[in-house]
Amino acid sequence: MTVSINEISASPGFGHDLPPHKLRDMLRYMLLARALDERMWVLNRAGKAPFVISCQGHEAAQVGAAFALSRGKDFILPYYRGLAMVLVMGMTPTEVMLGLFARATDPSSGGRQMPAHYGCRRLKIVTQSSPVGTQIPHAVGIGLAEKIKGGDAIAWVSFGEGTTSQGDFHEALNLTAVHRLPVIFQCENNEYAISVHQRQQMAVASVADRGIAYGIPGISVDGTDVLAVYEVTRRAVERARRGDGPTLIEARVVRMTAHSSDDNDRTYRPPHEIALVRHQDPIVRFVAQLREHGILSEADEQAMRAEVAAIVDQATEEAERAPMPEPETLYDHVYAPPRSRRHELRGGTN
Amino acid sequence: MPEMNLLEAIRQGLDEMMAADSRVFIFGEDVGKRGGVFRVTEGLYDKYGPMRVIDSPLAESVIVGACIGAAMNDMLPIAEIQFADFIAPAFNQIVQEAARIHYRSNGDWEVPLVIRVPYGGGIHGALYHSQSVEAFFAHVPGLKVVTPSTPYDAKGLLKSAIEDPNPVLFLEHKKTYRLIKGFVPEEDYRVPIGPADIKRPGEDLSVFSYGLMLHYCLEAAQTLAAEGVSVEVIDLRTLRPLDTETILASVRRTGKVLIVHEDNLFGGFGGEVAALIAEHAFEYLDGPVMRIGGPDVPAMPFAHSLEAAFMPSPASIAAAMRRLAAY
Amino acid sequence: MTVSINEISASPGFGHDLPPHKLRDMLRYMLLARALDERMWVLNRAGKAPFVISCQGHEAAQVGAAFALSRGKDFILPYYRGLAMVLVMGMTPTEVMLGLFARATDPSSGGRQMPAHYGCRRLKIVTQSSPVGTQIPHAVGIGLAEKIKGGDAIAWVSFGEGTTSQGDFHEALNLTAVHRLPVIFQCENNEYAISVHQRQQMAVASVADRGIAYGIPGISVDGTDVLAVYEVTRRAVERARRGDGPTLIEARVVRMTAHSSDDNDRTYRPPHEIALVRHQDPIVRFVAQLREHGILSEADEQAMRAEVAAIVDQATEEAERAPMPEPETLYDHVYAPPRSRRHELRGGTN
Amino acid sequence: MPEMNLLEAIRQGLDEMMAADSRVFIFGEDVGKRGGVFRVTEGLYDKYGPMRVIDSPLAESVIVGACIGAAMNDMLPIAEIQFADFIAPAFNQIVQEAARIHYRSNGDWEVPLVIRVPYGGGIHGALYHSQSVEAFFAHVPGLKVVTPSTPYDAKGLLKSAIEDPNPVLFLEHKKTYRLIKGFVPEEDYRVPIGPADIKRPGEDLSVFSYGLMLHYCLEAAQTLAAEGVSVEVIDLRTLRPLDTETILASVRRTGKVLIVHEDNLFGGFGGEVAALIAEHAFEYLDGPVMRIGGPDVPAMPFAHSLEAAFMPSPASIAAAMRRLAAY
């Protein structure tokens, strides 16, 4: 059931069904995510942002997937490296920076959570926590609800390869398979869980192999190839909407930074590997592809980079100016009030 | 008003809510054809079908986790944990997820989820089918914890729990399922989550309890009445949020306190009740704040001799009441 | 990696390396387990035993495995259907009945646990609890300790197919594979978890398929064929002792009774299936095989059955006469005392 | 006597015990080459190798579960849970297995297991890297729960924990790791599990605390001393089994009680301490049994403004002391 990337690459011409402006849009989101992420590290080094955890190296895996999903309709449960995903889904750079600075108007948590714990009900980005893997059962429950209601939204959930060691991963995939629920599981395999290499994490070469245990198709794809990820996700989306059930996608990515700003990966990662990672940059790769196919001129690229830099500047400034949460708000939202939007019974005789 | 046992009252509550709102569904082990190992959901599978009364895989974490997801996708799920003793695998999903989602999203997301949990002993269930788990969860902000002890309260609280936009742990004492009978109105009603209930008014001492022990306390109070001691018995009913006002008001009147639960004493829920009283009604106290709880051993053993030694009894409760009255 | 039973049956002649007296011994244990189990139900119906949970239909899977293990050396973690396994490992019928009656001298728990929660340190039967699946990580830890110490004992652990849905199953198998630990996982698949059929439990046909997710060989074997189970377990034992790591064995068995004495399986099991189960009795099958190969005469069988019946009578009587635990003992053994056998530091300079 | 911080004292304790007994090994996430995310195990991987300092998969249930198994196979495992907030997936293995194995086997099996758990906030860790979890586990018979607050106690209690034949939850407050320094003897010593420690003797009121808050209490006591109030500060050190005698003896002397912890108040460990006092030292009380705890919100937020609002402070503790002294 494991489908290799070669098979995917053998599909229709470059860009699949995507017109050139969409392809450029993809690149734009990748550049935006990267620029925001890099800025966060700068702010961290400058003592302005206490914590950063990166998307760098994962952008293609997320943008590729995002372009195959239906924004505002499908539910997204992206783990803490999901910056590029939430940008495509509609979170603004300013909103992202409000989270970094823990401002009152941070849409994810109002400054309550660490940065990169995304959530926004309006955008169907489901609130994320820190304990890894807990979001996977939530995605399954969203799919179950959809099946009960007869809807056709999909739940897309992401997590690292280390997280597949958690029991919740197993329980969730198993349940999804039993009911053929519309869920897409994207494992972003960057070979490390903080300092623990995949070899210490599992005895299989590919997370996609884990699908077989549940009767779920497992597909391993080069996650630095945005179009390959787009294509496998598009097929998974089709499958899910048809009612044929879930897909497990392993996107092989690179972690281009330390685990987080609290980590120092030179204590466990060989220097040559750290050097190598730079050569697997998904953005460099996509730029080259677009250039080669005449979809992106040098001038286009420069303009795009300039635009993105300006956006990041503006987002940073806006977010820095925003107010901190008031201390008294500590006590807000412990419980949802009765008679909230979910309260009234619907239908029936009561 | 028909008389029924506590189990039937819960079943009726489930049935009426499922009829009233198509978003309500039940998810748990053996809840379908089998109607649950205690028969609480009996008949509902036939009535509402396999997509609303769903047999889950044997995996408590995803039972709760999937219900959280469904709740965030506009459903009103009811998770059943087969025995309270088996809720531990779902601890992460309940405590770190269900309880914190509303808060962590700054009020953006809600988890209207009911987790039904048969608990408690005295039913020869041994170490792993007799446990009380309320202390673990009543400590967690963001959760509500409900412990009905009569059929009327059980049905009324269940409906409130299903309508509540927050995660509610609904604890059903297994021994009360068929033992405790009572009248339940035909018409629709609610018992609100929060308020305690004075099950027996009295003047000389205040006794706080819930679940099976509430009934033992009532029995003991009856005994004491014959001895000329007037015992007020208050059913806490909801442990979180706790009805501190009713508790303190009673203590201010009687000046003497006994707290009774089946769960082991040390670190149990009674400590919180005692602490609130010792801080906020200190000036009214005419005697030590007494507690009775299960012994501090890991769980309730199987052998009759040991199970009997574990369970607080109406007699041991009456004895404590007497000591307190005499203080 | 899934090996079907056909391949196993293609191995050496009947009985593999087992001499006739061992084969008869196997049968004897199966008959003993069955007779004890049946007596328990009689005692339950008579109001003398409040709870029974059966091994009936699982005997071959356990006796086959047990004969491939090293008694007193290997660690056994048998779930609540493991009566035949613990008998072979040395628990006496009287001891089993002491557990049924919750007597003070019950070696498993002194009457504290429900019947069938076996344990005995002397016999290396590791104490079992009721929450399903928790024993699987323990087996892994025993294997890990063995590897650290450089020993060559094996941990053998059993569980039902329903239990494979638990996160602990997944986490345990994964860890075992990473370190190639000497553990044998025996899933006794009787197609039901109380009332829930395997179809509702998982979307795969065989639990053996789950091995692939970890890089563990997964073998499905007819668990009503004692010799087939013996042979796959023997190979798994060899593999583990060689240091090649774990094996996942699915023994396909039948549940010949309701889930337990608290259950009524007619509420969820079709009548024809209940009828059919009788025809898959592993004992009937093994008797026929032994008869066919001239290893067991009709008289042998009669004698064996008579012997077993007498043992069960005696065990029942002895156990019934044994005293109940004293109420004061409720408080014993909450904590192990300091300076117990594990207390003294070993080696080193301290 | 060398001075060191609490983290170094723990590291030294681990090192010496590993050197002393080949059965001791460490199992947890990133404990190997990385030396743990807090660097507690730094250097041990190089010294003892990959079979005694083992990087586990990212799976807390099997971290604890496998250590239980290893403990039953004659080893002395030390499990590390990376943050207390992530102990929930292991709740089942800790509460239902580790804590109950000795009891359920009628004393036949033992689980000599230490679970090291960095906990607590004030380190800008947000909702999921700041939690206190002691109340959940101190309620469980069969477990021991230890909360050192000084380098001396940390090292001495750690050694006792490793030698204890029972499962011990060893809670290390993250903010004390580098903040709290103290002298630690060169020679081998133990601090026994159980006894509380009077960290500052006093006459007017008794304050009970542990972990980071203990230090805030000492600071507040210092302030009160300048105001002429003599505060006794008792470090509980072990929460289970609790040193009830030392607690009650102090209360009998001072008649006034303040209990302080960082964990949220309702259902927190302080309730048990208050309840014990309100029952067993009632006659000696000269004022309400006061408690200070974290606010009853799901967890400690990230924003500085909110984190500061959450944490009890030396000032808020001193204020409570003043009120109590004036009572």
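Order of writing sets the chain letters: A, B, C and D. Residues in each chain are counted from 1.
Basically, contacts are C-beta pairs under 8 Å (C-beta built on N, C-alpha and C of every residue); 3 or more make two chains touch, one makes a residue touch a chain.
None of the values given here were measured: they were computed from a predicted structure.
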Selected pair, greater C-beta contact count between A-B and B-C: A-B
Relative to chain B, chain with the most remote C-alpha centre: A
Chain A and chain C, separation of their C-alpha mean positions in angstrom: 44
Centroid distance [mean C-alpha coordinates] between chain C and chain B, Å: 37
Whole-Å separation of chain centres (CA-atom averages), chain B against chain D: 30
Distance from chain B to chain A - Cα centre to Cα centre, in angstrom: 40
Per-residue multi-chain contacts in chain C, two or more chains: 109, 112-113, 117, 129, 131, 165-168, 171, 174-175, 178, 200-202, 334
In chain B, residues with contacts to at least two other chains: 56-57, 59, 61, 85, 88-89, 92, 96, 100, 103-104, 127-128, 141-142, 296-298
Partner chain A, residues of chain B touching it in the complex: 16-17, 19-23, 25, 27, 51-52, 54, 56-57, 59, 61-62, 64-77, 89, 92-93, 96-97, 100-110, 112, 141-142, 144, 163-166, 188
Complex contacts: residues of chain D adjacent to chain B: 61, 85, 88-89, 91-92, 95-96, 99-100, 103-104, 127-128, 135-136, 138-142, 240, 242, 264, 266-272, 274-275, 277-280, 282-283, 285, 287-291, 296-299
Complex contact set, residues of chain A against chain C: 165-171, 174-175, 177-178, 180, 199-204, 209-210, 212-216
Parts of chain B lying in touch with chain C, wherever the complex brings them together: 29-30, 32-35, 37, 55-59, 61, 85-86, 88-89, 124-129, 295-298, 301-306, 308-310
Chain A to chain D touching residues, read off their complex: 50-51, 102-104, 109, 111-114, 117, 129-132, 162-163, 165-168, 193-196, 200-202, 262-263, 267-268, 324-331, 334
